[in-house]
Amino acid sequence: MLLQTIFYVAIAAEAMTAALAAGRRKMDWFGVCVLACVTALGGGTMRDTVLGHYPLTWVEDPYLLLICCAAALITIGLARFMEHLRWPFLLLDALGLVVFTILGCDVALEMGQSPIIVIVAGMITGIAGGIMRDVLCNDVPLVFSSELYATVSIVTGVIYFFGLQFGFPGEAVIIAAALIGFALRVAAIVWKLEMPKFVYDKELR
Amino acid sequence: MLLQTIFYVAIAAEAMTAALAAGRRKMDWFGVCVLACVTALGGGTMRDTVLGHYPLTWVEDPYLLLICCAAALITIGLARFMEHLRWPFLLLDALGLVVFTILGCDVALEMGQSPIIVIVAGMITGIAGGIMRDVLCNDVPLVFSSELYATVSIVTGVIYFFGLQFGFPGEAVIIAAALIGFALRVAAIVWKLEMPKFVYDKELR
Amino acid sequence: MLLQTIFYVAIAAEAMTAALAAGRRKMDWFGVCVLACVTALGGGTMRDTVLGHYPLTWVEDPYLLLICCAAALITIGLARFMEHLRWPFLLLDALGLVVFTILGCDVALEMGQSPIIVIVAGMITGIAGGIMRDVLCNDVPLVFSSELYATVSIVTGVIYFFGLQFGFPGEAVIIAAALIGFALRVAAIVWKLEMPKFVYDKELR
């Protein structure tokens, strides 16, 4: 299945960008591998923990851990060539975001969850790994203040859920949700589309 | 049931203070909503995850997520009027702390947990959401060093557990635990009651 | 069983070093106790949550929480004498690391997990508590950049798993895995053995 292939590619891409983040914190090879695994698999882990959906994806399929570690170590070896790969990484990351979202919605759908939870499960799958990466790197999570990212996940999830709900064929819905989500993310990067910020600097008294 | 009503009000109040914390970090509207949900619902989520008590409260009742997001967005709109609302928020937060604690103890009691775990479950419900908020905002959790807060939760839980244990009627025990906990928290704010600090600045050698 | 005794000693030792970390952040007594519990019991908690292995160790045996709090409060009382105890603590911590690892592997083995997951479960048990401590203290986790620590856990787990797999008697395998892991950790501290670092300071473009 195409979705599954893209899933593996996206896992590896997430692991590689996480490895670069680890390098900025001067982590050792072990830290690089852990950060790669947490970033790439943390979203699915949080979704499954929150839904009580055991066994977790990577516990059932531990080769995912090896893929993450391999991608992370390859990144260390090829770091000098990475500089000019911003766009390939951004595109793979965008693809990963929509694929993670759709697979996350699927898990919740199979459990018979309510619509809100299906969409939230997709969003957690798409964004929680990056939040964990930022917490472990001691940053305020990027996803809370940068270009549209979580919004892309929510839009993808909404299209996917209601597309299925309205009885369109599964593959068409997947393709539509993925394409629209992907396009929205690319547009957000190109035109720097952001949610409005909330800036508050007073103390309550 | 009164407790349930106060629960919803307290959820909204937690979400609103979290929204102000998000504003201090210049998060966007999405980040504000996530931080509100995590802060208001994170305590119960951690309790249920730790006890293996599925489904989680907000998975079963997803409207809780909408309440948090609505409260957070209203806070953005009304931020200019919030400055002078320190006391209303502190009182609602104190009410929330004791109500969350009692409801958390109830979950553990229904599962037949031991006394220590009942009280710890109440405490996790009361304070873990605020700890998650501070971690996501890249702060050392406030609850580890400010006025009595976790202590209030423990006192409330102890009164509630032993009150029931000694056979007093449930409603009387709830009211007594809530009132004493609430009064203790207000006293702690007014008179700046704190636990003693442990200050250690040497390295082991 | 000897392993169980060492387990309790190691829990207390982890709680004591966590208490000193809390003191460096000027936490109050409550914060000291929470940080002690999280550090000493967080690894097992994460392992059990990830594997869906309920009830958690400390929920089943809540006296572990009291041991952690007692050890933490004793540390506050004896803090002035702690300065010169670096080596005893390092040795107890090393012992704890290998014992936590072996007990963590055991949990996964009893659940019939695959080899990779057995070793990962051991490693999570050994290191995740320290990661949580560092996140709550607002530091980048030490384990990602200091002397061999997680590696020690992995080596211990590999020896333990394959020792059992090859049919050696259980006690011999435990002793061998523990001794080799312990020796490796001590050697790492004495000779400052580290994994190579990955240093990357460019932005992608």
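Think of it as A, B and C in the order they're written, each chain with its own count starting at 1.
In this section, contacts are C-beta pairs under 8 Å (C-beta built on N, C-alpha and C of every residue); 3 or more make two chains touch, one makes a residue touch a chain.
Remember, it's a predicted structure, so these values are computed and weren't measured experimentally.
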Inter-copy rotation, chain B to chain C, in degrees (Cα atoms; steps of 5): 120
Self-contact between copies chain A and chain C, residue sets same or different by half: different
Chain A and chain C, separation of their C-alpha mean positions in angstrom: 29
Touching two or more other chains - residue numbers and ranges from chain C: 49, 52, 135, 138
Chain B residues within the chain C interface of the complex: 49-52, 113-114, 116-117, 120, 131, 135, 138-141, 143-145, 150-151, 194-202, 204-205
Residue numbers on chain C that touch chain B, as the complex places them: 19-20, 22-32, 34-35, 45, 49, 52, 54-56, 59, 62-63, 65-66, 76, 79, 82-86, 89, 135-138
